[in-house]
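I have a structure here, written as structure tokens, and I will follow up with some questions on it.
Letters A, B and C mark the chains as written, and numbering starts fresh at 1 in each.
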Amino acid sequence: MDFPWDDLALTFSHTSMFPFFDFAHYLVSVMAVKSQPGAVALAWKNPISSWFTAMLHCFGGGILSCLLLAEPPLKFLANNTNILLASSIWYITFFCPHDLVSQGYSHLPVQLLASGMKEVTRTWKIVGGVTHANSYYKNGLIVMIAIGWARGAGGAIVTNFERLVKGDWKPEGDEWLKMSYPSKVTLLGSIIFTFQHTQHLAISRHNLMFLYTIFIVAIKITMMTTQTSMTFAPFEDTLCRILFGWQQQLSSSEKKSEAKSPSSGTGSLASKPSDVASDNVKKKHTKKNE
Amino acid sequence: MDFPWDDLALTFSHTSMFPFFDFAHYLVSVMAVKSQPGAVALAWKNPISSWFTAMLHCFGGGILSCLLLAEPPLKFLANNTNILLASSIWYITFFCPHDLVSQGYSHLPVQLLASGMKEVTRTWKIVGGVTHANSYYKNGLIVMIAIGWARGAGGAIVTNFERLVKGDWKPEGDEWLKMSYPSKVTLLGSIIFTFQHTQHLAISRHNLMFLYTIFIVAIKITMMTTQTSMTFAPFEDTLCRILFGWQQQLSSSEKKSEAKSPSSGTGSLASKPSDVASDNVKKKHTKKNE
Amino acid sequence: MDFPWDDLALTFSHTSMFPFFDFAHYLVSVMAVKSQPGAVALAWKNPISSWFTAMLHCFGGGILSCLLLAEPPLKFLANNTNILLASSIWYITFFCPHDLVSQGYSHLPVQLLASGMKEVTRTWKIVGGVTHANSYYKNGLIVMIAIGWARGAGGAIVTNFERLVKGDWKPEGDEWLKMSYPSKVTLLGSIIFTFQHTQHLAISRHNLMFLYTIFIVAIKITMMTTQTSMTFAPFEDTLCRILFGWQQQLSSSEKKSEAKSPSSGTGSLASKPSDVASDNVKKKHTKKNE
């Protein structure tokens, strides 16, 4: 019997995010703003701009999901209590005498606790986004995944866009396209919770929330303590092999039989520029050499 | 009696876009994505980004018109069938072994058929946009034109914006401003259908749809077979002459009488920079020399 | 007894903006467009693009506030009368023979009158924005301030964004962040009217509108006649001193006592880059030297 486990998960899933977990989320977000070069000087020169950036970091996911569902992006400003909490954290972080907050935050255990609690809010946001999207589009599986993802990880997109507009950041083609680890884990969570919500996964929601939260908190803490970056590379590799691999295998087996012919003429679209083709070929070679 | 003609037009205007015409539209859009440099390599490296770009190309007009009317831009994702169709086309176009789809598409008759069918969907989109906008704003002539235009040709704006954000594209002042041929013909169609809808044009809608579709399909096919680009230059010239020409004629006739005076002092605003003025003058000279 | 004053203020607050004040606002906005380098040449080459820019300048604040409240940004196009008025002004300003409008506008009294009347519309816009936001969010003080601000001064943001997209303008980090004088005075007005609306200020609305309008018109006309730029520097300085000053005083008093120790170790976050720290220190020195 796993009644205690079930009870624990149920109690956990009813935890309120408001005072403590939200506090941790805002703290981690504001510290991320502060660690950007020039942020402190900017806060002295133009407090309103700095405050606005901090709010975008704290509420970015919510703003993006509001935009995608055509709800007022200012909705987050109407929640006076949360705004007040986030603003207070911004204020004491940037203007506290002797920089006490930053000094306290520089200890690893504090960072671990805050980051772990921030990851917990991610689960709540994904679940909230999926449920909210379902109230709009009953059968919109993709919409549910997208909104859960946007609310859980959309802050990065919003803040990148802000930096783009400010001219602080130039995308270099690749940067925009690479998904970071939080994006990937949030996408995974969004897919799982959407399938749970549409009854395709035979597991109760509180159990799933509990398991997913433990999973992301554990990975986050491992990443922070060992200073490594977690990748989904093996998992992604397998998925790519399943989805797109059969063509490569066909191509490569065919190439062996064609190896004597000087130029491979398979599937080269007339209008395809040569650099792409060579890139593609190089990649296939790399894969073959593995 | 032209009953057969009327019947034909009526039947035509009741054609459903869904399986075949939408297929052609998605095919042409995805092939446009694939012909961009680097698109194939990107699809292997980051399938989600490539898929997203392809969806923007397929549904861009709808997304723009949703944004302009404050409807959820994710609405298009809720249409599971169309998303599935577009995604399948993206999948087989990019990952089909031996690049069969591209090879098939490289034949001119296939391209002609697909492009012609894509133009048919343009008519349906313009009519849909105009009707939809009318349900919001009863007398909003300009809104109706704008929404019809956005839905019919807005994909170009959305995808340009995507390239801008990704850093693939730098506007050079002029590029942004020049309207392409599809933009112009869609604007024309949007104006016509709006006036038809507000009863300012004494023609039934199905006849107008039939005529306009024949018109744009014929031009498109002519352009593709003769490799020329259609321009509205004479028409635009006449319109400009009507709207703005009287000033030029006044100016130029006046200039002749003033020709002996060394500097022409007409209408030079104090704050107007000299390069503009000279540009303007040069242009007037060019026109005079025609 | 100040009945005449009260009557005057009440009558003033019932003035309709429509024909004359809106005309002045559109005229000032369109003249601002025309004074940009290249605007006249562009209007000849691509009238639609020029018209679009002019409309953004005329209706920018309304568009931004619509975006923030998830209302259709095209709503302004549905107001046929105002669009027609603004378009006519755009037309005669750019295409009037002999540039009569620009010549007339180049006289200082005309500019003073138009600018003064434009400032009057600012008050009406702020009040409209605050009232409108209040109908959405009953207790959303910050939302009310933000919408009042967006409607009164948001045009600058919208047009900057347009120039950014067109590639005409590169923000240089600082430019984006510095608030211009109109932004500041609009923010101040938005805060005042919000507090008036929530009964935190014991003054009737028509009196406040009258006083605020006189204030901004007087400052605007003073600025234009004396060619100086008004700053809120003393006021801002006091506010900064109240909000953030105590830390500086603590830091500086402490620094004096620490002056003999070679390196000051207070509050240097490990991850803070050195240029920021030195910038900060320099600033403190400057303040101390004042």
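FYI, contacts are C-beta pairs under 8 Å (C-beta built on N, C-alpha and C of every residue); 3 or more make two chains touch, one makes a residue touch a chain.
Since we're looking at a predicted model, the values are computed, not measured.
Trainee: Can you list every chain in contact with both chain A and chain B?
Mentor: Touching chain A and chain B alike, sorted by label: C.
Trainee: Could you report, rounded to a multiple of 5°, the rotation needed to superpose chain B's C-alpha atoms on chain C?
Mentor: 120
Trainee: Could you classify the chain A-chain C contact as same or different, where same means more than half of all interface residue numbers appear on both copies?
Mentor: Different residues, largely: of all residue numbers at this interface, under half are found in both copies.
Trainee: Please tell me the distance, in whole Å, between the geometric centres of chain A and chain C computed from their C-alpha atoms.
Mentor: Here chain A and chain C have centroids separated by 35 Å.
Trainee: What are the residue numbers in chain B that touch two or more other chains?
Mentor: Residues 70 of chain B each touch two or more of the other chains.
Trainee: Per the contact definition, I'd like the list of chain A residues that touch chain B in the complex.
Mentor: Going through chain A, the ones touching chain B are 67-70, 136-137, 139-143, 146-147, 161, 164, 170-173, 176-179, 240, 243-244, 246-247, 250-251, 266-273, 275-277, 279-280, 283.
Trainee: What does chain C use to touch chain B in their complex?
Mentor: For this pair, the touching residues of chain C are 34-35, 37-42, 44-49, 66, 70-74, 77-78, 80, 83, 95-100, 102-103, 106, 165-168.
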